[in-house]
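Each of the next two complexes has chain A plus one other chain: chain B in the first, chain C in the second.
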Partner chain A sequence: MTLIRRHRNLFKYSLDALGRYRMRGAVVVVTFLIATTMISAVLFTKDGLEREAEYSVNAAPDLTIQYLKAGRVVPIPAAIGEVISGTEGVERVLMRTWGYAGIGQYTFTVIGLDLQGLDLTGGAMGAIESGRFLTPDDAGTRNIVIGKLIAGMLDLKTGDDMILLSESVEATRFHVVGVFSDQSSIYTADMIIMPLEDANAFFNMPDGYVTDFAVYTKPGADAGEVASRMSTIPNVRILDQDILLRGYKAAYGARGGVFTTLWTILLAAAALIAFSQAVVVGHESKFEVGLLKTFGFSTLDIVEVRLIESLIMGFFATSLGMLIGYAYAAFFNAPGLVDILLGWAFLPKEFRLPVFVSAESLLSIYAVTVIPLLVTTVVPAWLNAITDPEIAMRRGTA
Partner chain B sequence: MRRITIVAVLAIALTVAISAISFTDEAGWRDGGGSAMTIREVVGLPSIAIGTNYEGTRNPLLEMYVRPLYDIPGGYDYAVPSSFIGTPLGIPAYRETIPEFNITIKKG
Partner chain C sequence: MIEARDLSKIYNKGRSNEVTAVTKVNLKIDGGIAAFTGPSGCGKTTLLSMLGLILTPTSGEILFDGENVLAYSDYWKTKFRRESFGFIFQHINLLPGYTALENVLLPLYASDLRPEGYRERALELLTGLGMKERADHTVEQLSGGEQQRVAFVRALVKDPKYIFADEPTVFVDEETSKVIYDLLSDLRERGKTIVLSTHDPELIKIADKVCRLCRGSLEKEGGRAEV
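Let's look at the complex of A and B:
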């Protein structure tokens, strides 16, 4: 009971000290607030982008087969699909034609799906806000499903017609049968999905050619082994999920890394400010420490007081900074900072930035803010506390 | 309650709040993406809709691998010239010369 009362009194004393040295507290809180707001907005966004990329790669075909000619990617003959289908371990091969189409200054992704071979039993309707998804009956009808970004930019709704110009400068009219929902916009915002036949016609693909093949392996089959069995097929290049995921993580991780480096420098500056404040106040508190020791405070009590002060300041500033950073990224799309992650990319207002507060990032931020703050405030306090009280008071008044 | 006590209470409350957000996000992540996964599985394009004004970033997985491995020198990467130089379709003056073309022609 006495022990609890003692710690409670030390806690109350720490709060009083926080009030007494409020200028030091304010300087530390503001510097840490700025630093953690910036880094958390970038880290949470980076985590969000990585997570979304991981979702997409996990949902991607086990293998993507491209065709190389003179070292360059060109359309792949559809006939090769039969050879790939015959490979041991392959369950399904789907043809795919996809590419880009420009509307104004923007570029959108046009995807032609092999509707005959698709498994639609999972229900793609969940991602549709209005209208419907494509069915095998849509082949050759120029029916399309569009993303929310395109719908918003062109004021399109289900039932409207739109024209796209191809690279061969041919205008093709399409009929919108569905619009994707907000929930899927991180994936579908810029998509125009149409039947494979219509995409082939739109891109003016040579007869019997598609962009690539999506290959699904049998359950239990190792995608790497299946890929190795295809190595004798001429001109093909095989990409597996792992290579795609590593590519994504490298892209976003490297960009996030540049910012993290800059932030580390900023944090070092913040820690120095905290240390400088601790030293300035330490001079004032020398007398106080000497007095406390005269009244019977132990060295441990004094360290505990400073520890409590630093913990309150550190957790208050860091947690508040992270919450502001989270709101800045999640609700305002992190203007300014997000450019570091996205490079030349832009974020249309139609969709929200994916923000993910990972436990790893959370602990990392606490580790690099609270611990240095503890060190820079507790160490000077400990040095004062181990000094003889009389000398400490004399130094304090000097 | 004293003003300075509020700071201590807030420190705990804010820490709990951000930890709760993290816990929720982590739990959602383990859920595997939920209904949003279906459309990704159907489409099968392993990318996200970031960077729609630069083709290379829409599908960094495919295009970015092409560039370092096979396309220097030589410039297969059509995405770069189209982003920097622009295509006829990206120029308003060009589009306006196409009779009656205004992207959307008929409202349903």
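Let's look at the complex of A and C:
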């Protein structure tokens, strides 16, 4: 009981001290608030992008088959599709022709799908917000389904027409029959889906060629084993979901990683500021520690008092910083950060960053903020506490 | 009984700026009021701080009731200070931003006692020194004399056995000085041991034992008439 009362006394003293050293507390809190806000925005955005990458890969086929010539990807002969279909473990092969098309300063991803081979159960490529997805009857009709981002940017809705310019600068009119929903976010945001025949015509693909094949394996079949069976087909490159996921994550992670490093440096700087702050206010602190020791506060008591103060300040500043960081990314779209993280040449105002808070990121942020703060405030206090009280007080008033 | 044996203090020992503050002081204080006097820089405050266990001597022994307390750990000495000592400093040393009453209760936060439980006693002591109306004023709102009275109450709130006072009347007015003389006399009557350093002849007059220091050495000691 007396032990609890003693710790309660120290806790109460710590709270009082926080109120008394308002300037020192404010400097530490503001410094860590800025640093935590930045690192949180980067990490939460990176988490969101990685999650998007996983969604994208989940929606992707089990295997993607490309055609190589002289080590470069070129259109693949459609006839190879029959060889692939005949491979053990393959359920379905979908021909795709895809590329990029522009409208003014905007560039979108155009994907033509073989609607005969497409499994239309389960939303095909993502949830539709308005209108419908394409059916085999749409072949050659120039009907398209567009991403929500495109719809927002160009003010398009189901039933409208849009004109795309091809590489040969030929304008082609398409008819919007559906718009993807927010749930598919980045994956479908800048995507235009059209029948394979229309895509082939739009991109001027040679007859009998497509961009690649999407291969779906039979339930229970191992995609890796199916891929190894196809390895004897000349000139093909086989990508499985793991390779795609690694690619996506590496792209986002590397950019995010650079930023994480930068912000870690910033935090180190913040820690230094906290330390210098402790030294600047050191006179006051030394005097206080010396006086407390005179009254009978032990070295451990002093450390406990500073520990409580730092924990309260650290958790408060870090938690608030994370909230602001989340709002900065989720509600304000992380201005100044989003371009670098996504690497896109142009991001329209309609674009919404995918933001996700993972437990791993939360713990990392607490670790890189609270621990340095504890070290930079507790260590000087401990050094003062092991000094003779008279000397500490004299240094404090010098 | 407080006893110092060959007590010395050298600051910055072994460095170019080495200063010998106290040299081989031997003395015994057996209750009552003991006053250290002498010119500025003679080592009064250093000796007082060493006896109060807030400054580690370079050599020598300090005995309380026959026990060499320097042989014990820092934790033990801290606990001993907490339970048995009260301090009054020359520069008063109240914590700014706190009220007079909060400053008085501060030493209790280091203990397992309830600071709130000592509120009445603190107010009683403040009232005794004419500070009742100023109890809720912050340090910045108090005059030097009022601050020194608060410092006295802070030293006495836990009713310690030993009281160490460094130049307690140097920065206070005549009226406060008289209050301090009366208070110290009263404490002596209640069996407390008071060790103080002072230049104040009036304070020396109420001391039972006077120790005159010169250049860190004990030049003379005895009753106030002898010294």
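Following the convention adopted for this analysis, the second predicted complex is superposed on the first by the 380 of 398 C-alpha atoms of A that agree within 3 Å, B and C clash if a C-alpha of one lies under 4 Å from a C-alpha of the other, contacts with A are read in each partner's own complex, and residues count from 1 in each chain.
One rule holds for everything that comes next: contacts are C-beta pairs under 8 Å (C-beta built on N, C-alpha and C of every residue); 3 or more make two chains touch, one makes a residue touch a chain.
It should be emphasised that the depicted structure is a prediction, and the values quoted were computed from it without experimental measurement.
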| item | value |
| --- | --- |
| Chain B versus chain C as contact partner of A:P389, first or second or both or neither | second |
| First, second, both or neither for A:D301, with chain B first and chain C second | second |
| More chain A residues in contact - chain B or chain C | B |
| First, second, both or neither for A:Y13, with chain B first and chain C second | second |
| Which superposed partner A:E288 touches (first chain B, second chain C, both, neither) | second |
| Chain B versus chain C as contact partner of A:I34, first or second or both or neither | neither |
| Residues of chain A that lie at the interface with chain B and also at the interface with chain C | 16, 19 |
| Of all residues in chain B, those that touch chain A in their complex | 2-5, 7-8, 10-12, 14-15, 17-19, 21-23, 25-26, 29, 32-33, 35-55, 57-62, 64-66, 70-71, 74, 76, 82-83, 87-90, 92, 95, 98, 101, 103-108 |
| For the chain A and chain B complex, residues of the former touching the latter | 15-16, 18-19, 49, 51-53, 55-61, 64, 66, 68, 71-73, 94, 96, 98, 100, 102-109, 111, 113, 118-120, 122-124, 126-127, 133, 147, 149, 154-163, 165, 167, 169, 171, 173, 176, 180, 183-191, 193, 214, 239, 241, 243-244, 247-248, 251, 311-313, 315-316, 319-320, 322-323, 326, 342-348, 351, 354, 356-359, 362 |
| Complex contact set, residues of chain C against chain A | 49, 52, 54-56, 74-75, 78-79, 81-83, 85, 87, 89, 91, 93, 95-98, 102, 106-115 |
| Residue ranges of chain A touching chain C (in the complex, touch as defined) | 2-3, 5-6, 9-10, 12-13, 16, 19-20, 287-288, 290-301, 386, 388-391, 393, 397 |
